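Think of it as A, B, C and D in the order they're written, each chain with its own count starting at 1.
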């Protein structure tokens, strides 16, 4: 399951480049054409970061899983569907975000909805794991799973809010999506640490403080 | 063989997103353009579910296989060809299903034919395994393989019927394809359980009943 | 190296579907449009079989390899470049083979050249392995490597001939490409058997004769 | 992390073929159309070689890594973003390099910038590993990491120079990119050898001298 998921995520992240179109312009106009198309590059970087971080979260969840039952498998397929779908709203957002008219609002609302669905699938997987801790490796404290669930709520809540915000400003949504990737990248890790890892993390933190 | 198959299936499932086109419309028309194109999204979800379930069946078959002989390898390549081809009839169906004219009939008949071919390849693989049980891991009861063969007949029979039905109603075919994914997802598992798994499944069922 | 090669081959084989275009025709014309486009489907099946068989040969070669030196690595990259390139001449052939004019000749000559290059890369890899048998697993008899080299000559010789034949008849080339896949699929295995495999193969052949 | 990276690199290298367009010309014109489009084929070969060599470097770096910390993971994601992006500047370069007008200068400057970013990500990863040698397998001498860092400087320095050169001659940049792949392919290996490998390499070199 994990190798298949990794494959789907790796393909989705790499297909993002197909959203970038070579402009066919006459001599002297290429620089302007590319600058004009800056939202495509920004959306590429955004969705690359988004999917990259999802891969990290997904990988760290599956490092803790021993076996997968049916509900977990279907939640995972829904999660992968969301990720495999993401190049489409990325392209939609890139095309319309600059206009700031009603098309931009729709595009941002669709991007937010896709992110919300992916976030809910992640949350659903942790909820399932909380109910079936025997699917996890041994030695994972229940409060750690509860912490993972709480952290998994951040995404869906924020992305639900951006569905509404989309109808005010698509650009503001774009900024929030970008801030969310920074939060997930630099914020508190959503890893469910094993006891060994906690010890290692504490040690690393101590070392980091000395830097 | 399994890693290669997993790769092909993961790529085919992710390429489905390339069937989704960003509509280029003037301001205010994006919502309608996307609603108008709902068959593309429905076909994306359908084929994602179809390929996802095929991956589950394929993976669970290969978990039981120790070595692959030539006929099994060629049946597997035919199976993969069918799966890799699926984004094309998906796009065909998405384009024509709403029309309910003769083009829609052709599109649905082609989708059904592709599904029939994939179903027959699965069936052929189980028939080969029934004849060469030494290719399987030890301890798999012959009646379990017979059960897998019987279950593998459901797909080809239904998809053969939908080839005819396609010329009556493409929409009805679409609904049946969707119901088939629900059946394969929630219906009786087509896994050929090992003795250990049967015991585990019985236990899980007992637990599930308590929920 | 093998996982990376498998990935490239799996992606190239699956990208072939992108050569299939949904025809946009008015009601009643879809069947004819698809029949008209039969060379695209034939080319899809051909190149899927071609790449599928290449994967089998590549995989069976790498099963015998313990370590990869630089020349082998670069030969392998050239081989992968040929395989990754193949969707392009496939599309070229599909577009022009029916015309039987000079464009068809060029298209077939390019397909043949790509196949020749791939065949030469395979041959080069076996020649390198013959010179550095320490890169192979132990117990592989030198005469087996010589047999692999002789078998690896079949492809390049035939494909070199089809470069010339292309300027007579592109359709004849197409038929020869198809026959070559049948030959490689059903003809004498190009596997370099380990001693254990030879014994197993002899046993399987004996069993097969009883069928 | 390595399997995911391998997947992204394998997909990016294979997606390059999508930059090759089948020309739709009337009979007799295909050969000229393809010859006219030679920059597309040259750019395909160039970027295939570039990404192929990056894979080799990346793989050989990860063979030395035991665990990945956060900074290393993000540097690796930036590296993958650069590689996944490369099909776009490849297409840009193929489209405009022949013109030798200001569009060609922009296209070459963008290709150089992408290569510079990838080179800096590689350099950043080695710098991180130099600071956290505990992330590496045991027995790697610090001077070997320093050598890897020095070798990792070659790419960024040359590609930074080609950003300037792009505004003089895009064709000259193209030649330098090609020479760089030859240098990385045939030049001094950037592998950080383990003690065992150094011994093996010395032996291989001695053998090579006898050829």
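The definition used in the following text is that contacts are C-beta pairs under 8 Å (C-beta built on N, C-alpha and C of every residue); 3 or more make two chains touch, one makes a residue touch a chain.
The structure presented is a predicted model; accordingly, all values stated were derived computationally and were not measured.
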Chains touching both chain B and chain C: none
Common touching chains of chain D and chain A: none
Same-residue or different-residue interface between chain A and chain B, half as cut-off: different
Distance from chain B to chain A - Cα centre to Cα centre, in angstrom: 27
Intercentroid distance (Cα basis), chain D paired with chain B, Å: 39
Residues within chain A bordering two or more other chains: 3, 7, 11, 15, 18
Residues of chain C defined as touching chain B within the complex: 3, 6-7, 9-11, 13-18, 20, 22, 24-25, 27-31, 34, 44-45, 48-49, 52, 55-56, 59, 185, 204
Of chain D, residues touching chain A in the complex: 1, 3-4, 7-8, 11-12, 15, 18, 69, 73-74, 77, 80-81, 84-88, 91-92, 95-96, 99, 101-103, 106-107, 110
